[in-house]
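Note that the chains take the letters A, B, C and D in the order they are written out, and that residue 1 is the start of every chain.
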Amino acid sequence: MYIHKVQYYETDKMGITHHSNYIRFMEEARTDFLEKMGYGYDRMEREGVISPVTSVSCDFKKSTTYADEIAIEVCVCELSAVRISLIYEMKRGEDTVCIGKSSHCFLNAEGKIISLKRDLPDFYAKMQEILIKE
Amino acid sequence: MYIHKVQYYETDKMGITHHSNYIRFMEEARTDFLEKMGYGYDRMEREGVISPVTSVSCDFKKSTTYADEIAIEVCVCELSAVRISLIYEMKRGEDTVCIGKSSHCFLNAEGKIISLKRDLPDFYAKMQEILIKE
Amino acid sequence: MYIHKVQYYETDKMGITHHSNYIRFMEEARTDFLEKMGYGYDRMEREGVISPVTSVSCDFKKSTTYADEIAIEVCVCELSAVRISLIYEMKRGEDTVCIGKSSHCFLNAEGKIISLKRDLPDFYAKMQEILIKE
Amino acid sequence: MYIHKVQYYETDKMGITHHSNYIRFMEEARTDFLEKMGYGYDRMEREGVISPVTSVSCDFKKSTTYADEIAIEVCVCELSAVRISLIYEMKRGEDTVCIGKSSHCFLNAEGKIISLKRDLPDFYAKMQEILIKE
């Protein structure tokens, strides 16, 4: 569980959290999630692996605003040899405010797509384990 | 057609345009598109109508970086009494770099969802017209 | 003391935290500071008072990057009837990475500048107290 | 002269352009200015030179909001062997809305500060010329 407290600079003229920021909250929750699993972005980058986002989506259910605390739960919803997808449930108290999804591939230092199964077997195994549990 | 030139502050540590910014480019292209149609956000707000984003998605095809010029074409892809959806094709030269989609509803000053067909008939007619042409 | 952990989306192509973000970290530290003093932005806004920034500055000493934890200390450095100035010392471990300063006035619902001394005497007294201690 | 049109996502809950964004508008105007002089960031980076911001400041005179067009004039106000400072006058129509200032040093690929006079003599000469004209 990751908590993001909405900042004043994240609000807009409508008085609510600007929708683009939820994509950033997802990144915060994702890096926190991967770090807790032992696979922080910095470790990935040290190993010469970068992980671009290939797609992202958000369904907005309720608006939030300055000083709201958004609790974000991250789940692994899809896993293939070359791609992983995550789902983000964002809540303020009992209310679901947003459901997000992101997909990612993994590139080596030459910019070639790598196989998670072959090149990052520990990571793949760990994600497989969580995926099954869901 | 709307052009966004990627700014230095929109890049990230990977050396590319941070993916969250495409959601903002979509908003830029959308407000430009609506303005050209005679329905700028400011006019909407003057008339007491606000238009929150209900969902947003992006498929990233190629990365872009600082100083790239991204040309964005906006199309109306879905229209109902209470909701409109737009598609954004983003290109750098001949290359499609990103395909985005957003959906929007419309609220009156009391925060109630309004019917485009009944309450904004001119706007609805214009969108209907474009939708048909596509 | 307020801690900001640098997010991936706050870095730029140079591999470091984009300089504009420190202005945002200052706002985070300031709202946290005012909240702890019992004068959160939301209370101010409920009381019909808004507090625009009249000037802001930053001296950058060292760069920071993704996942760095920046500890921010806020001090009241100037106080007049109508204006308050704050200083922000930002550190990563023992290293000072940035020194910021911001000045603020206070407006009522009509957009008129209000006197802190007369219209927000409790707040003025509290700030005066801290100012003297420094 | 560089024009920035304020975007919806650059506004905040107060209904105005969030103050942190002016620091970004300054970067936009600066890179445009340097590009027009033949010294775009991309050329600098190709030559292995990066140019971090060492300090930045802004005095806010009037607020701006969504759809405002801000015209930004950039001047070289200080030049030494190792540092350059720029001033930004930002106007909406006849009104000055913000005066900004930024200072920059220049680093080589090893992260060492370089002498503009010795290592980038053409650039230094050009800046000297503008500085004198002011």
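Heads up, the rule we're going with is that a residue touches a chain if its C-beta (ideal position, glycine included) is under 8 Å from a C-beta of that chain, and two chains touch if they have at least 3 such contacts.
Everything numeric in this text was worked out from a predicted model, so none of it was measured.
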Notebook entry, point to check: Which chain pair shares more contacting C-beta pairs: C-D, or A-D?
Noted result: C-D
Margin query: I'd like to verify one number: the distance from the centre of chain C to the centre of chain D, where each centre is the average of its C-alpha atoms, in whole angstrom.
Written below: 24
Next item on the list: Could you give the separation in Å between the centres of chain B and chain D, each centre being the mean of its C-alpha atoms?
Entry: 29
Check: Which whole number of Å gives the spacing of the CA centres of chain A and chain D?
Finding: 34
Margin query: I need the residues of chain D touching at least two other chains; which ones are they?
Written below: 8-9, 20, 24, 27, 66
Next item on the list: Could you classify the connectivity of these chains, where an edge means two chains touch, as line, ring, star, complete or other?
Entry: complete
Next item on the list: Spell out the residues on chain A that touch chain C in their complex, using ranges where they run on.
Entry: 7-9, 24, 27-28, 31, 40-42, 66-67
Notebook entry, point to check: What residues of chain A sit close enough to touch chain D in their complex?
Noted result: 8-9, 11-13, 15, 18, 20, 65-66
Checklist line | Touch list for chain D against partner chain C, complex | finding: 14, 16, 19-21, 23-24, 27, 45, 50, 52-60, 63
